[in-house]
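Across the two complexes that follow, chain A remains constant while its partner is chain B and subsequently chain C.
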Partner chain A sequence: MNNLTKDIKKEVAQKVSKKINLKAALSLATGALFGTSVTTGAVGQTIEADEWQFDTAFLLYSEVDRVTAGEAIVAGTKTFSNDEVLNLKFTFDTLTGPSANGAIAQPKAQTFTRASGIGRYRTPEGETPLDDTFHDTRVQLNGQWTQPVSDNVTGSVGGHLSKEYDYLSLGLNGNLAYDFNRKNSTFSMGISYFSDTFTPEGGIPKPLSSMLVGDSNSPEWDDEFAKTRISASENKSTSDLLIGFTQVINRRMITAFNYSYSMVDGYLTDPFKVVSVLNAEGLAQDYIYENRPDSRVKQSTFMQAKYHFDDSLLNMVADVSYRYMWDDWGINSHTIDSRFIIPVGRASYIEPHIRFYQQSAADFFTPFVIEDQLPVDFVSADYRIGEMSAVTIGAKYGVALNGGNELSFRLEYYHQRPTNGGFEEPEALNGLDTTPVIDAIIAQVSYSF
Partner chain B sequence: MKVNKTKVKTRMNVILLSVCVVSLSACSSLGVEPWERDLLAKKEMALTSSPIDAALDDHIYFSKEASSGGKSFGGGGCGCN
Partner chain C sequence: MMKKNRTVNLTKKKDGYGINFNAMASPCEVLIQTPDKCLAELVGQYVSHEVWRIEDKYSRYDTQSVCSQINTSSGRNIAIDEETFLLLNFADQCYQLSDGLFDISSGVLRKVWTFDGVSSEYQHFPNQDDINKVLELVGWHKVIFDKQSISLPSQMQLDFGGIGKEYAVDRSILLAKQHTKRPVLVNLGGDLAVTGPRDNEQPWQVAIEPPDCSGVEHKQDMIVAIKQGALATSGDARRYLINAGIRYGHVLNAKTGWPILHAPRSITTVAPQCIQAGILATLGLLQGQQAEAFLTEQEITYWARR
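After this line comes the complex of A and B, so read on.
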């Protein structure tokens, strides 16, 4: 009996030691990366390390026959003695698989040039054209510093850096929150600015120019392809204003209301997307590169309520929110998101999640262009700015482990259903699936320690 | 169609404004005393109870839909396809 107790104690001690070492190693790595002071002595490591709280997650997003993405996050939060909070987050993700190029399905096979200009791909008859050369890896760093400014005011500043093979994004943000009414009400205001640079392989295509389709090994190819390009890279900037109001209603309920205004300027076109030009019968004659306006103003209102039920409803916490978004491209959208955190036993919970989304199309969205409609000005056949609805349904299961650690699993199903939006389809498209649905699985494992 | 959209927008704005005004004028009588914050202080009652899940979801929906932000900044940050 004594031996057994000793063994258990030893095992626990080893586990605790491993945990501290992992935490210490991560703390050191985080400190070194961001230049924050972390004591390097062995004893110091343990003491300092205990002040960090880490949240880690790995997510797999996989669409049927299309894109698969994997994303890993490690976030560290350290609270200092004066309620100052430092949050550092490292994100790594990778994306592979075929992505819709914007062209519409046809009764015969279609051939396209890859975005890089090197090589071709063929889409069989009746299928939605997908470019299968997408492969990207992204590294992202976020840092946020939050501290009390006075008794009732909290300030926060943050930075963002994200780098992909062909994309660089830099961002800054600042927020102020004012508490009043015995800290039951909070008014907050924040601004953020992002500067993004896009350097796609093969350069930026000339908007509305025809996709060059042919033999990329021919001696004239490079010169001809270059005529369809305008530059090697383009920029865009995003300025956001977010105004929020949070109100505690009673012991069981809290609500939040946000208004946001977002201005995006610069290159907003997707360089990888084309639009099919069809003859009156509906047969593809040409593929032109899409062209979007160089500015977009988005606004949204967001409302959220959280309610903690009592024993009679399993002590469940309901989290329901609604967002209405509208922009000057003619898109508006409704999003309803609800989660229910239901305790199971003393140490675990299950969290069902359901989300509904519906959007209208941008004014310049069209699934195809008919020859006699040419010339066009702004045009895009990217289904993501077309009329569509989507639903997400799934659940998360979390279990609290020793020492305040938590392990959780999330599995969700995401279904996107683009709709025609009233475009009359010419005869050749009859019987073809021109608004294909997208089904995806979202699987996630998280561990906090 | 345009007129309808404008009408809907105006109506939404009026509703939102009313909600805000009602909230603000009523807020002084709402709320709890510090010793009644037992439930509100729980992690699952935080407005964003899992920031990691929120960040991952934002990335997915930013890449796949025309809307972003609302709860937090919509921002740029990726050339997601």
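After this line comes the complex of A and C, so read on.
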């Protein structure tokens, strides 16, 4: 046999073997055919079971001129003989880089105190004030146990732990799914509860108090700074209820509908965010710490359809979903998310992704406060609860490797554009970019084995 | 249609009974290791009736069969029962696993390909246009089915031939196990399975007939010892054609409409169930030149004849 034939043979064998463990897949198919769980092993036949399946991923999110986040994920899934599934996931992320502090750009340079109360930073004229001291490292652990409860009911319970330098989040969840109509329909219901504790360096600022700006080395500084603080830590709790319905329409189409109700209570303010207080001309006179209500009720509805086209349309799987979210802060949002999984050859696929997001502002959102509007009650200039729209465009490429392993790459571009939302800007802000866009790149490599 | 000869013959063997009958155009045999003649007769009845039931239900030659009903539905949505759904679902899995190479709608390709084993040059060797025309009627992905119904596009045809006999073997084994704990072997024209080892953990000795190679060389029967599970053979050395000096075996690539070149003449594999063994053997043949590499790579026990 010449080398070329050898190479071709090797390539074909690899191409074939990457696909799937054929014997195991056929055993499953045969089990379904005869309504038996898979058989007494025969002559040299073994069925792959009780093996851990691992997914690993590394993700990089980088905003132009702002934060960069890196995330590493290792998830393991083990299926036991009675269809019990244990899923464990470990996530590690780091966040570095400057982040908007809430204040608005000015025709003059501005000086702010760092969130910790130690040191100052200066924002040049015309630029959006960014606090460059952010550096966070987070470790997350999630565990989920899923098992059949009866013929048509599957139950699941899980726990969550997330720890950052200044943040601790603990959570529990439970979920029941009921299959009916010959497993073509599934009704599910889940509840979860999270308890979060926030312990920022420098303590929790007193809402609406003025940011103290001065020399943090002066002897009076510590006492003065302490007057702007209310406590060392604050808590919040989140209770969620999720109701879902999944319906198989035919073998090419599946649809899902979800409704969720979420109650958040406690400290919902961002301790790192301030609001600029401007005079009538628009020049900053003061920066006050933001203040948000201590409860929020969020509701959302979600619908999704997946359709598997035949080869007249590339054998593509289209996955399109729409989410409408609304809350009692006056925010509502629309999300349309579409993915198209297109097989390329026998071993790989490409998955274009496009997502549109649009949200209205919270009632108490304002990009700035004019002096004569004081005093204010709830106020925040955090662009994340302001009016905005965003689009994500990207693609993923996945390739199946030997022995059923999969390697995939994802590259996406995210563009977020805050919109003014009808706030009339005083003269001094003319010509300044008060609604800065955010552009970010998301890159991810995943490997499953 | 010729009236089917449906009789069962019972013969006494050294340590049990053999029951012979004809079904699915093949000689069929049930072996049961028992001195109890009544039990042997009973098991023979159950198995033969089950095999005939499946033949009647899924034969494409029988105009009354479910298969024919589907094939003559002219694109209408027609109701199916659970067994049919499960078989279609299995065929679907095989289609997916083979990336479309195994396709139960590919039978119409026989309109252009006739394999009668003539060793002289073939008179009506098809051209690409003929094949393209028929190929339009092939494509499992165009078939829509669910638990209640199926719609097969007009003029397309399903053929359960690739899985029906093996399915009947597995059904027979399940039935035999329900009625007796004695060791039973069911052999439907070479595709066979056993309920378990013979007494004292002894294996069944099974002879696999070599493909008939036009009498040029005589190969010995291959003897395989089997204690449990099943064995199936795919390939038929008598069905081929020769054109321009190239030998075309009867296994067709459902995607191109052409015979698979350089495939072994037959492949025998073992698996827990006969239907699995049959599919593995067929998928092996569909790899052509790479058949052995493919089966080895998948860690499948097989015997290939070239």
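Here, the second predicted complex is superposed on the first by the 399 of 449 C-alpha atoms of A that agree within 3 Å, B and C clash if a C-alpha of one lies under 4 Å from a C-alpha of the other, contacts with A are read in each partner's own complex, and residues count from 1 in each chain.
Rule of thumb we're sticking to: contacts are C-beta pairs under 8 Å (C-beta built on N, C-alpha and C of every residue); 3 or more make two chains touch, one makes a residue touch a chain.
Here the structure is a predicted model, which is why all the values come from computation and not from measurement.
*Asks:* Using the superposition on chain A described above, determine whether A:F225 touches chain B (first), chain C (second), both, or neither.
*Replies:* In the superposition, A:F225 touches no partner, neither chain B nor chain C.
*Asks:* By residue count, which of the two partners contacts chain A more extensively, chain B or chain C?
*Replies:* In the superposed model, B touches more residues of chain A.
*Asks:* Touching A:S260 in the superposition: chain B (first), chain C (second), both, neither?
*Replies:* The first partner, chain B, only.
*Asks:* Which partner does A:A390 contact after superposing on A: first (chain B), second (chain C), both, neither?
*Replies:* A:A390: touches chain B, not chain C.
*Asks:* Once the shared chain is lined up, is A:F340 touching chain B (first), chain C (second), both, or neither of them?
*Replies:* After superposing on A, A:F340 lies clear of both chain B and chain C.
*Asks:* Check the residue A:N184 against both partner chains and state whether it touches chain B (first), chain C (second), both, or neither.
*Replies:* Both partners, chain B and chain C.
*Asks:* Looking at the overlay, does A:W52 come into contact with chain B only (first), chain C only (second), both, or neither?
*Replies:* neither
*Asks:* Tell me which partner A:R252 touches in the superposition: chain B (first), chain C (second), both or neither.
*Replies:* both
*Asks:* Indicate the residue numbers of chain A shared between its chain B interface and its chain C interface, in ascending order.
*Replies:* Correct list for chain A: 182, 184, 248, 250-252.
*Asks:* Hey, which residues of chain B end up touching chain A in the complex?
*Replies:* 5, 8-9, 12, 16, 19-20, 23-24, 27-28, 30-34, 36-40, 42, 44-45, 47, 49-53, 55-56, 59-61, 64-81
*Asks:* Provide the residue numbers of chain A that touch chain B in the complex, in ascending order.
*Replies:* Answer in residue numbers: 55-57, 59, 61, 67, 71, 73, 75, 89, 91, 93, 95, 99, 134, 136, 138, 140, 160, 162, 164, 166-167, 169, 171, 173, 181-185, 190, 192, 194-196, 198, 236-238, 240, 242, 245-252, 254-260, 262, 264, 270, 272, 298, 300-304, 306, 308, 317, 319, 321, 323-327, 330-333, 335, 341, 349, 357, 359, 362, 384-385, 388, 390, 396, 410, 414, 416, 438, 442, 444, 446.
*Asks:* Quick check on the complex: what are the chain C residues that touch chain A?
*Replies:* 86-87, 89-90, 92-94, 97, 99, 139, 141-142, 144-147, 167, 170, 174, 226-230, 270-273, 275-276, 279-280, 283, 287, 289-290, 293-294, 296-301
*Asks:* Note which residues of chain A are touching chain C in the complex, please.
*Replies:* Per the touch definition, chain A meets chain C at residues 9, 12-13, 16-17, 19-23, 25-30, 32-35, 38-45, 182, 184, 248, 250-252, 310-311, 315, 346.
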